[in-house]
Amino acid sequence: MSPVGFWESLLAARMAVFIGIFHSMFAAVCAIAIGSFCGIVMGFIMTFARKYVVFPFRLFVDVVRGIPGLVVVFTIYYFLDVFLRSYGVKLPALMAGIIALSVTNTAQMAELTRGALQAIPRGQIEAGKAIGFRFGQILYYILLPQALIQMLPPWVNSATETVKGTTLLMLIGISDLLLVTQQLIATNNHALKYYCFIGLIYFLLNTVIEFTGKAAEKRLRFDGG
Amino acid sequence: MEDSLLRIRRLGKWFGSLKVFEGVDLDVNAGEVVSIIGASGSGKTTLLRCINLLETFQAGSILLDGNPVGYHEENSKRKRFPERIIARQRLLTGMVFQQFNLFPHMTALGNVSLGLRKVKKLPRAEAEKEASRWLERVGLGDRTHSRPSQLSGGQQQRVAIARAIAMNPKILLFDEPTSALDPELVGEVLNVIKQLAADGATMLIVTHEMRFAYEVSDKVVFMDNGKIASMGTPTEIFEERKSDRLKEFLSTFNN
Amino acid sequence: MRYFWNFNIVFAQINLLLDGLLLGFLLALASLMIGMALGLFMALAAISKHPLLRGIARFYVTLLRNTPLLVLIFIAYFGLPDLHIRLGKSESFIFALSLYAGAYMTEVFRAGLEAIPTGILEAGQAIGLTPLQIFWNIQLPIMFKNVLPSLGNYLISLFKDTSLAASITIPELTYNAKKINTLTFRVFEVWLITAALYVIACYLMAFILRRIERRFAIQ
C-alpha cells in the first residue's frame, strides 16, 4: 500500500481537481453553446437554401461526422498551433480544444436540425402561407418551435456526448479533470480509485443533464405524450 | 347427450375490477360450427382468447375433450398449469387472428411448417410437404415461397388459416377473421372457412359477417354485456329475433 | 503565412496508416461482437418481469452511457492492475469498448424486441410453441432484422471510437498519425490524410453495410 491514503491525497489535491472540473465544464458549456447556435443556423440553411449554397455545408457536416472527435481535436490543435506560431503567437490549448469540440457539436446539431425540420409536414408551411405569413414568420412562429421540441431529446444526448468529449482535451495537454487526475496518480498509486472517482463525477454530471432534459421535455410536449 | 368437445362452464373474466364476462356456459360438439355475434366490447373476442389460453380467467372451467385446460384444482385451490403444459394444451385449439399475425421473417411455407417442425417435431422435409399440402388446400399452392409482405390481406389470412389447421387441432377458433380485410378480399377467406366447415371441421367463429354466420353456422351465440344473451339455430337467432336487444343489434346490419 | 506542401513524405508512410486503419477496424469489430452478446443478455433483463433484473440493466446502461470512454479505457488499463488484473493494451481497450458498446446494444436490442407486435408472439403461442421456442424462432430473428441498420451505424461509430486507443499507445490510425507527425513535422499533410482516411473508411463501411442490409431486409 502507498503511504498516503486515497482520500487524504484527494483532499490535498482538491484545488487541482476543482480547476480540472472547471476547465472541463467551461469547455463543454462553450462548445454546446457555440455548437447549438451554429448548428441550428446551418440546419436551416441546409433545409431551405438553394442546392449550391447547401453543398459546402453538407460537405462540412458529412466530413466532420466521418472523423473521430479525437482526430478533430488533434487536427485543429496542430493546425492552429503551426498557423499562429508563424505569426509568433502561442496558441492557448484550451481555445483550440473549445473550437474543436464546437466544430464536432456544430456538425451534429446541423444534422439534427435538418432532420427535425424535414420531419415537419409540408402542410404546416402551406398552412402558414395560407394565413399570409412571410417566410421569416413561418420559420419563427411555426417551424422553429416544432423543430426545437423535436430536437430536445437528441440535443440533450449530444450535450452529454460533449461533456464526455471534454476528456479528449487532456490529450492535447489541457489540464482538464482527467489530466489533473493522471498527474495525481503519478504521485501515488491509487489509479483505480482515482479513475473510478473521475468516472463517477462525469456520470453524475451527465445524469443531472439527462434528468433536466427529461423534465424539460415533459413540460414542453404539446402532443400530450 | 354425448360429451361435447368444448365445454365451458360458468366462465368469468375480469381485468382488475372491470368485468368482461361472467357465468358463460357454452358447448360445442364435434363437427359443429358455432358463431358468436355481438357488439364490440361484449366480450366475444376475450372469450375466444380464453379458450386459447392467451388470456387468464378468474372463474369457471374450460374442458377440451373432457379435460380441464388452463387451470386445475389442487388441494381445493385453483392453480394455473405450468407454461409447458399450457403450450401443449393450446395444441387442442387452433387460432386465426383478426390481424393475421404471420411471422414476417418467414415465407408462407415457413409460417405453416414452423409448428410442425418445432412442436410436432417432424423432420423439415416432411413438415414442408405437409405445409404445402395445407397451403394448397387454402388455394395458395403457388405462393408457398412468398413472404407475408408480398401477399394480399386475404392471402395472408388464408396462410394463417393453413398455419392453424396444419397443427391438426380439435377445434378452430376464428377471431373476426375478415375484419381487417378490404371488402373485396373478404369473400376468398369466407369461402375457405366454408370449405373447412363442409369438410366437417369443428369451429368457433367470432364474426361481424351476419350473412356468413347465417349460412355456415349450426348454432349462433349472441353475446351482450358480458353474458350470453341468446343462443339458437341461425333461424331462431336471425329470423325469430326473440329479444329486444337482439333485434336492436341485428337492425344495425342491413344484410 | 507560407507553407510548403509536401505530401510525399507522408505518402511514403501510408502503409503505417493503413495498418492502423485495419487494426482500428478489428478492434471495433471485436468490441461490437462482445458488446452484442452482453447487450442481448442485458436487453432480456431489461424487458423481464423481474424488477431486480430490470434494475440491473437500467443501472448498467445509465452508468456506461454517462461515463466517458477514455475514463473507462484508463480504468481498464491503469486501474485494474490495482486489483491484480493485468490485461494487455489491446485486451484492456477491447474490454472497455465492449462494455461501452454493450450499453448501446442493450438499448438497441430492447427497442428491437419491444417493436415486435404482441400478436405475432401470440400466434406462436397459439401453435403450441414454448416461450423458449418463441424467443429463438420468432423474437430473435425478427429483432435482428429490425436492428440491422443500427448495428451497422454502431460499428462505424465504434470504429471512430478506436481512435482513443491512441491514448494507451495502441498503434491504430490516430496513434500512427501522431507518430508520423512527430517524425516529419508535416502537420497539415498528416492530419489531412488521416482525416480523409477516416472519412473514406466510414463511408465505405456505410456503403457496404447498406448493401448487406438490403439483402436481409424484410420488404
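First chain written, first letter: the chains are A, B and C, and each begins at residue 1.
Just so we're on the same page, a residue touches a chain if its C-beta (ideal position, glycine included) is under 8 Å from a C-beta of that chain, and two chains touch if they have at least 3 such contacts.
These numbers were taken from a predicted model, which means no experiment stands behind them.
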Touch-based graph of the chains, sorted into line, ring, star, complete or other: line
Chain occupying the most central position, where position means C-alpha average: C
Most contacted chain pair (by C-beta pair count): A-C
Computed distance of Cα centres, chain B from chain A, in Å: 56
Separation of mean Cα positions, chain C and chain B [Å, integer]: 47
Centroid spacing, where centroids are CA-atom means, of chain A and chain C in whole angstrom: 21
Chain B partner contacts - residues on chain C that touch it in the complex: 117, 119-120, 122-131, 133, 137-138, 141-142, 145, 218-219
Contact set on chain A toward chain C in their complex: 62-63, 66-72, 74-75, 78-79, 81-83, 86-87, 160, 163-168, 170-171, 178, 182, 185, 189-196, 198-199, 202-203, 205-207, 210
Touch list for chain B against partner chain C, complex: 52-54, 83-84, 87-88, 90-91, 93-95, 97, 99, 101-105, 114-115, 118-119, 147, 149-150, 160, 163-164, 167
Chain C residues within the chain A interface of the complex: 1-3, 62-63, 65-72, 74-75, 78-83, 160-164, 166-167, 174, 177-178, 181, 187-188, 191-192, 194-195, 198-199, 202-203
